[in-house]
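Below: a set of structures, written as structure tokens.
Below are two complexes that have chain A in common, paired first with chain B and then with chain C.
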Partner chain A sequence: MSAITEVRVRPRFSRGRLAMLGFVVPALAIYLLMVIVPSLQTVQLSLTDWDGISDDYAYVGIQNYEDIVASGRFWNAVRNTLVLGLGSALIINVISLVVALMLDKLNHAQGFFRTAVYLPALVSAFIMATIWKYLLNFNFGSVNTVLRDMGLPEWARDWLGDSSIVIWVILFITCFTLGGNTTLIYLANLQSVPQELIEAARIDGASGAKVFWNVTWPMIAGAVTVNMTLAMIAGWVIFDQVLVLTSGGPGFVSETMAFFIYKVGFGEYRAGFGSAAAVVLFIVVIVSTVAANAYMRKREIQA
Partner chain B sequence: MTETMTQVTMKIEPERKPSGLARIPRPPRQRREKKKWSVGEIVVMVVLGILVLIVASPVIYALLNSFRSYAEITKDPMGLPTSFAFDNYVALFQQTDFLEAVLNTLIITVGTVVMLIIIVPMAAYGIERVGGRTSRFLYVLFIAGLMIPFQVRMIPLVKGFDDVGLYSTLLSVILVHLGGAASFGILLYCSFIKGIPIEVEEAAHVDGAGRLRTFWLIVFPMLLPVTSAFVIIQALGLWNDFFIPLVFLDSSSAGTINVAINRMVGLLTSQWQLIYTGAILAIIPSVAIFAAFQRYFIKGMSVGAVKG
Partner chain C sequence: MHNATTRSARSRLLLATAGLATSVLALAGCSGGSGDEAESGDKTTIRFLYATGDDTWNTVVDQVVTAFNEQSDTTEVKLDPLPAGSDYATALKTVDATGNWPAVVDMRDTLTYVNAGKLAPVPDEVTELLEPDAFAPAEDGNVYTVPYSALNGELGMNIVYNKTYFEEHDLEVPETYDDFIDLLDEIKANGDVPLATAAAEVWPSDQLWKPLAAPVFAEYSDDGGFWNAAAAGDAAVADLKAPLEELKMIMDNYVLEGWQSTADAQTTTLLVNEQAVMATSSAGLGRLMDINKVDPEFDAGLFIIPDEDGKINVLKNSVVGDTAGGLAISSQAAENEDEYASAVEFLTYFYSVDAANLMEKDGWISPNIVGSDEVVRNDTIPGAEDFFALLENPNLVWYENAPTLSTFSSVNTFFRQSRIEMQDGQTTIDETIAKVQAELDAQVAAAG
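Take a look at the complex of A and B:
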């Protein structure tokens, strides 16, 4: 292979090349067996009618994909995933950036507040959702109790059983987690913005808002790209909150794609159909990540 | 500049491992002079304080209610505990398999982290040093995993583990986690290893050290800053994970803490106090891990972020 010709260029290490490849083997073997091979098998299974238990299955061509496209339940899950994924990515990024800007302004006790801001992010999405499930209980939950005590009993409602609001409730609860790392990344980038630039803009008479949009914002464009991409990748696979809070209900109203795959594949014995949905999820993740990155990188250069 | 510094430290005191710590490429932070307190700063602090309280309020609520009985909770959901007795904490361990779940979570977290530390830095080093197109190909292959969500590989993995008789074992959960974490680890370590001068290794090599010895005695200690960040990020993620153990551990296992709590939500419908107690017990170790390694953690995040 052409790689071998490269070795000649660096004769000092050519002898060790095999040894270096040996270093990669353990991780590579596990990675291939746990990630690449099963992903390819998913593509294979998506072309079958496998139920998830039996030993044999038949190939049905693209039948599963046709069923998916025709399934209103799946499109609803896609819509929910978009609402939760994009919504939480945007909200978390805006809040995190504002918090990072505030932290950056602190001249005293910055370390203390940085830790305090990060602490709630240590709570897992699962635990946060579980606690909220009880807070939102119709009869004995704190939210409804407080509303009734405040003389607003008509505001008390079945937060997780009302299909018109349930997805927004899940979005709200999703935003309670994931914010800590985002804030830290913004803060680190804000602190690497050269102070001279900001002072120069100030001397030229720019207001605080102008300094932010014309100096700080372009300088942290890279962090925005990283954070939005990370938040979106996390958003496409939101699962814990849905399983804990509603199990996809009422009916199928609050299912996300990740939950749909889990439910169909394991709960409804339609592993072939679930695999096809997984392939669609994979395509969505790839396309949105690449597209978002391309768009934001372009913006970075212009800025 | 960092590169020359490394060489110098390595030549003078090659055996002093923590010297690696001093070389963290810090973000250029403006050293602030002592400044006076301003009104704006106080306002910012108050706003931040309120924000933290809002986000933490569910946890504080769970903490308070872990000291109350079910009757108290349902009678007055917003009431405060009358005493701070640990009855619920004792009951949780006595009435459920919670202890076993804690042990399972611990085994999965520690097992995965130890395995990651053994295989990932080595692999990243191999990828960086093998050179040429092989290097590029392996790197891209691993990085591609960042875009493969767990759901995509979930169904065949369950089938595969079932076929080899490993389904519902802690080993299956560990292996699945290893595959998922490898990509991020390679990304993190490769970007750091690029900055390590090859001359140091060559010198060790000339001195007769084998490849493995060179790696573990010379290179690995220099990777300490990344390793600490990687360990903390992974340990927190593993401890908090819910989906993977949910899929791979059936009722024959006590599950992990989160899986056990999820089962309790279904089974103990009139024991909310135990759910709150379990939630608090699940959070305590994450806070402890963070508190113990905070310094490395924030540094690690900053390194990754500024480079990213």
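Take a look at the complex of A and C:
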């Protein structure tokens, strides 16, 4: 009887829940309107010849997708995106893990070094890229000036204009910017590894390397999954650095998929074509991220 | 005692209202609206969107707007500059995507925006201040853009050079294309770098290309222009092979290293620092003014690369409203009576003698206004005599090349990037021609 009373007193949609729902609905509505609906609309627009400005457009079927597949420019952007996405994910994670291990061992001034490592992450990618653009300028930049002053003029390069190295320079700058968060996540996980496990391994005679590979590494497998996923997604959608440093040049050589979408959709009045490229980018991000996650999760289970 | 389950209806209502208010605020923030376009006190505030370029143009805009604001009782114009180096067409499209058009806009790709109904007609009270040949109506009979400088076409697309160096080495301004190559050879033989140019932004790549391609473009001037002929199949990108070969040869042999990442404005510094004897420019008098500001002692001159016969071919499209850039009033502003009136008031001032004198004083050649006779011309800028001499040069040949293809800007941007790619050695000239022809064909087909 009392249970029945309880049900009556606490209906499924109590006033408290409605109030909470009241807080959620506006944000949800904004998210739907600003993110989900436009995203779905992108699929529709990818089948049109819309110029992005006019009120009218015509449906062209899968013409935009056919053009994308046949476009050498697009595949160059895909290659760059893969280099930056996978490259930055691997490099950032290796460096961040090493730095986190060093920070974890520190007994003094840990706060200072943590701050120093994290500081670059506080600067926006746009600002950081602008600073690097000045540093790497061929004629006036500090990097080449120092090299010339050191008697190494042959080492001076057009870092942002040499098509054979420019994508690797962007990769370097990207890694420099994005490492702070990754390091902190690793550090937090390292500090949560149970000390008794490490001590037990040491008592059993395990070397430092063996302790790391057999105890620490499996225990931070979850952090590796999270960090690799976040770094890959950040790499797939790299835009600011490319816009500031090279505008995709010289020529088209450093265009990434995100930049390509922006360029054709906004600069070349081909919103339909750009939308189709965005859909392809979405598929690449989903497939690669899910595949990488599946592999890493499997490793977590094995651990 | 209060807790979550015993909270009164009043407090719940208060919380719900607060949540709703927060979301409304967020939505209001997202909606953007008309931004700064608003009536503040007795004055209507409007925005003027323009592309920042060389220092001279930036100063002109700033001083004209400041002077206008000081004398106007009804309008305040706020500057909305787009930073140098940005792709202005892309930025303009982004402005459109946000639905936040300024009242007065420095237009590019005008036809696209006219067709989309984004621009309002410029009224007679503005066009009456201009000489009749300084503007023209679009196909629908309305005038959508009015000029922001004198009608000298691309006369400002020059080679700026170090006059002192020329005098010291007994060098002459070239009278033919072969003379120009000889000049480059002589400077190189002296152990100096002949030419600085820029391609960090895409558009400055035109500065060396257009004078080289001008003889070919000029051949099609009477037939509607090269690009219209190419769109109709009466010309082909392959017809530009010879100037592309000249471009590649000059880039490979005479241009200062690092051009791929050099910004347009940096070529002034490279010239003044004597890292190169000449530099490409598209700012005409403005570039001379900039050089003078950087180093008042530097003796600069300018010339245009002539063709093999000594003709100086310069683009000067007829002022058809469809393709000409210039200042425009946005349709969004025209929906508000006050904003439209303020935009008209500003343009009326822009074409006054007072504004023209301000422009001339800053080194800008003012638009062709009816009151031109009262304008005090500025011939004090070192090297300015070279610019004005070009206008009197008997070898000067004006040609037209105004594309009517509404998506030509896509082709043009693609061509610029492809040229840079070719100049850099990433592709061959034949590959570049094939790519650009394919792009042109695709755009023509898409335009129907």
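The rule we apply is simple: the second predicted complex is superposed on the first by the 280 of 303 C-alpha atoms of A that agree within 3 Å, B and C clash if a C-alpha of one lies under 4 Å from a C-alpha of the other, contacts with A are read in each partner's own complex, and residues count from 1 in each chain.
What we mean here is this: a contact is a pair of C-beta atoms (placed from the backbone, for glycine too) under 8 Å apart; a residue touches a chain by one contact, two chains touch by 3 or more.
Quick caveat, the model's predicted, so the values are computed rather than measured.
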### Task
Mind working out whether A:Val285 is in touch with chain B, chain C, both or neither, as first, second, both or neither?
first
Next item on the list: Would you check which partner chain A:Phe252 touches, where first means chain B only, second means chain C only, and both and neither mean what they say?
Entry: second
Report task. Tell me which partner A:Arg270 touches in the superposition: chain B (first), chain C (second), both or neither. Result -> second
Query = Touch check for A:Ala27: first (chain B), second (chain C), both, or neither?
reply = both
Winner on chain A touched-residue count between chain B and chain C: chain B
If you stack the two complexes on chain A, which partner ends up touching A:Asp158: first (chain B), second (chain C), both, or neither?
second
For A:Asp51 in the superposed arrangement: first (chain B), second (chain C), both or neither? second
* Asked: After superposition on the shared chain, which partner residues are touched by A:Tyr295: those of chain B (first), chain C (second), both, or neither?
  -> neither
Per the contact definition in the header, classify A:Tyr59: touching chain B only (first), chain C only (second), both, or neither. neither
Between chain B and chain C, whom does A:Gly16 touch in the aligned arrangement: first, second, both, or neither? both
Chain A residues contacting chain B in one complex and chain C in the other 16, 19, 22-23, 26-27, 30, 34, 52, 139-140, 262, 266
Given the complex, residues on chain A that touch chain C span 15-16, 18-19, 22-23, 26-27, 29-30, 34, 49, 51-55, 67, 136-140, 158-163, 246-253, 262-263, 266-270
Note: in the complex, chain B contacts chain A through residues 27-30, 32, 35, 37, 40-41, 44-45, 47-49, 51-52, 55-56, 58-59, 61-62, 73-74, 77-78, 118-120, 122-123, 125-127, 129-134, 138, 141-142, 145-160, 175-176, 178-180, 182-183, 186, 198, 202, 205, 211, 215, 236, 239-243, 246-247, 258, 261-262, 265, 272, 275-276, 279, 282-283, 286-287, 290, 294, 298, 301-302, 304-306, 308
Chain C residues touching chain A in their complex are 4-5, 7, 9, 12, 15-16, 19-20, 22-24, 26-27, 30, 85, 87, 89-90, 93-94, 96-97, 109, 112-113, 115-118, 199-202, 256-262, 266, 269-270, 275, 407, 409-410, 413-414, 417-418, 420-422, 424-427, 442, 446
Touching chain B in the complex, chain A uses residues 1-3, 6-7, 10, 12-13, 16-17, 19-24, 26-28, 30-31, 33-39, 41-42, 45, 52, 99, 102-103, 105-109, 113-120, 122-128, 130-135, 139-142, 145-146, 149, 176, 179, 181, 184-185, 188-189, 191-192, 194-195, 222-223, 226, 233, 236-237, 239-240, 243-244, 257-258, 261-262, 265-266, 271, 274-275, 278-279, 281-282, 285-286, 289
